[in-house]
Amino acid sequence: MNDVEVEVLAEPELAEPVLVEGLPGVGHVGTLVAEHLIEEGEGELVGRIYSEHLPPQVSVSESGLAELVCVECHHVVLGDRDLLVVTGDQQAASGVGHYRIAEAVLDVATDFGVETVLALGGVPTGELVEDHAVLGAAANESLIETLESSGVEFRENEPEGGIVGISGLLVGLGRRRDLDAACLMGETSGYLVDPKSAQALLAVLQDLLDFEVDLTELEERADEMEEVVERMEEIENQNVPTEDDLRYIG
Amino acid sequence: MNDVEVEVLAEPELAEPVLVEGLPGVGHVGTLVAEHLIEEGEGELVGRIYSEHLPPQVSVSESGLAELVCVECHHVVLGDRDLLVVTGDQQAASGVGHYRIAEAVLDVATDFGVETVLALGGVPTGELVEDHAVLGAAANESLIETLESSGVEFRENEPEGGIVGISGLLVGLGRRRDLDAACLMGETSGYLVDPKSAQALLAVLQDLLDFEVDLTELEERADEMEEVVERMEEIENQNVPTEDDLRYIG
Amino acid sequence: MNDVEVEVLAEPELAEPVLVEGLPGVGHVGTLVAEHLIEEGEGELVGRIYSEHLPPQVSVSESGLAELVCVECHHVVLGDRDLLVVTGDQQAASGVGHYRIAEAVLDVATDFGVETVLALGGVPTGELVEDHAVLGAAANESLIETLESSGVEFRENEPEGGIVGISGLLVGLGRRRDLDAACLMGETSGYLVDPKSAQALLAVLQDLLDFEVDLTELEERADEMEEVVERMEEIENQNVPTEDDLRYIG
Amino acid sequence: MNDVEVEVLAEPELAEPVLVEGLPGVGHVGTLVAEHLIEEGEGELVGRIYSEHLPPQVSVSESGLAELVCVECHHVVLGDRDLLVVTGDQQAASGVGHYRIAEAVLDVATDFGVETVLALGGVPTGELVEDHAVLGAAANESLIETLESSGVEFRENEPEGGIVGISGLLVGLGRRRDLDAACLMGETSGYLVDPKSAQALLAVLQDLLDFEVDLTELEERADEMEEVVERMEEIENQNVPTEDDLRYIG
């Protein structure tokens, strides 16, 4: 196969579609949002990107089917909005690979008429977060204004060190193609899968793109995560010796 | 030389041949099976794959001959079955290399008329194993059924994290070529070369492909390994100080 | 995009221009000098080099604009001197990448008529430095003489182990193109950003290329760094327990 | 520049030339021999190989000249023997690079009419060696016989794990080109530069290729190394506390 290979599965006509990318990253925030959109919008798989720059790996489904690692594009309709949602189990395995796959994603997007690219991700704060702000970085100033009016924050020198990986490249390479590209990053501790940060990001998307999705499932996952955190704290506390433990030792 | 170079040494006519791959991996399970098939079936070397994606290395034979690292294809006849057995001392040295060599193996296989690909390996359990189950992952559902009827187990979410390396890719890329491709993995501790797991895998292959091979040699190697394990346990026990040691110290 | 892509933004006519490179490295000495030249000389951005061999990353400006990592070329006029100043946030991410980007920089330089290449950097001494000598390595002997007369020192076996990265390659590949190429390296501890070493390097450049720039800003940064160092020493001293601390413990 | 670039500096007519390679490796044994041959035979530089697969680096000469890292080919005449001696400061920086540079060396060799390739190196024993045997691995059996009659030893399963890097590839790829290629490896501790092992290797070469070189310089370097080892042992002994040290402590 070629270096990067695009498999087109369907070619629906889309009206001013918006690309939404959510590949694995900090707190799986981008992935949670992207998968939620596909599920709630009953997305149609329209394309796959295979590449030797992805890890040399197959994933195995619950029934035992082996599938070559790839990046998937789903067409999702929410309200009047056509979305092209990009997800997958893996990012590229090298720097050059990140560039090649980002270019391939933009090529597919361009073929579908995409002019707006939203790359989703998490930004690590290093501590447990109560209020999940959504930070932004964008390819042009008018887009910054639009995003700010939907609740996205633009803070000086954040994220420090820039944005690495496919999300950064979709914006950087998208800008070179004159696309309206932005990266939206939900604040998250960085230690755990974070459905709450994903909810915050979804709230921004709903406002920005004017659609509504049922959040029940994400809320349930958020509750589950909260229980996990509570159980972890309990276990931690149990390891502190109680008076009884001390007696026993003594 | 090119990136990947195939050297064809013989072109026998094969009847519905099955590709069996056993390159080095967990517990050397795949390699043990593949080499056993070649030895018992008095395999004929029909091709070699050289590549700059393999390690930059020669192996040295007992007599002092230096041979460039390569992947070898042997034609093996067992019962009425034509096998194309793929072995070698090394896997590719990079992710891209794994893709390139897997594609080359599939190209050779296709040239010989192969439509079924069985990639062999071990799946680590992290502890010593008594009963060596054989787990599977396959390119399509009818193959899953066939394999199950020969004793292969398909378990939800196993192997966790998918299958990495050439075995995974032969199935993943094989599926894209519409081949009947599967990965068969013998359970093994992951710490030692495991001829017992290889025997379990061979039992599945014999049932599936309807041939029989003498297992004496593998059984002998299994006995040897058992002795090694016993001796290791003895040494470990000897390091626990006995009463006499304590007296001597005191 | 291609492997390496040059974006030309302006094509001024330059008279015997000199290329001055200052990409990130030891003590950020080269970067400090290059950025100072651009600022004081009110440089014009004439070209950008993008490449998949740079890290897969965007930087984010204070206002929230995301910019793909690149190498920038500014045209700077100081006195009667035309300079082509090469800077950027990142060096290449691999050995091959260093070669490709160095070649691209030399291609751009050649297009502008450059025949002299000065690659700037720092050479680590491992201890705090009072007098910042400027060491050199050059593509030919007559250039060595010229540089020596401007205060550059050429010491036997320094820098040990040669010069790695784009600065080394601009000289090595420049020599193969018959350019007058040299590497000028300010001595620096190697632990901190070093504006004093940058000043020493600028003094050499001023003498060599016959121009003058206002050094006020670099001097201010040097003063700031001195304060940082002093504060670090204070903090270190505070961690030594005082008599009071000892009483409290006891 | 291309991936690999050969610069031809002279094209002498050679009679049945033998390629002798000595690039950096274990104990610098190969390098010591190759450089000794060039010096004693007053070798003429006939070609250089530059490559982006070598480290991105220049070396700096004593006078301050910067030279791009490369592999050098010298023509050396010793007795009636034409040698093509391959040396350099660095090996390739990646596995693929090793293949590319080994192929380039063989291309140059073929252009000069080489049919015999001797790759020199050291084989680590892990302890100080008194008698420096020379081990071999060769591309064909008649060459093994010839080498044995010149004192080269062929031992079962040595070197364990095969031969990695350019020396191994020159033999492995040389064999694929039907060249008489062999690797000759002097036993050495593996901890220090080893001129004694180099002498043992030279003795084999003198017998095999029927020439004589003055060994004085290598003997002097061997004496120097012996002094270094003695001094190291003295220092080590000084660190063992003497009776006086103990009194002082007590």
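Chains: A, B, C and D, in written order; residue numbering restarts at 1 for each.
We adopt the following convention: a residue touches a chain if its C-beta (ideal position, glycine included) is under 8 Å from a C-beta of that chain, and two chains touch if they have at least 3 such contacts.
Worth saying up front: this structure is predicted, and the values here are computed from it rather than measured.
Although chain A and chain B share one sequence, what matters here is the overlap of their interface residues, and that overlap falls short of half of the numbers used. Set against the C-alpha centre of chain C, every other chain centre is closer than that of B. Chain A and chain D have Cα centroids lying 53 Å from one another. With centres set at the average Cα position, the gap from chain C to chain D is 37 Å. Shared interface positions of chain C, defined as residues touching 2 or more other chains, are absent. Every pair of chains meeting the touch criterion is listed here: A-B, A-C, B-D, C-D. Across the complex, chain B meets chain D through its residues 1, 50, 52-60, 62-69, 89, 93-94. Across the interface of their complex, chain D is touched by residues 92, 95-96, 98-100, 102-103, 136-141, 144, 154-159, 162-166, 168-169, 171-173, 175-176, 181-183 of chain C.
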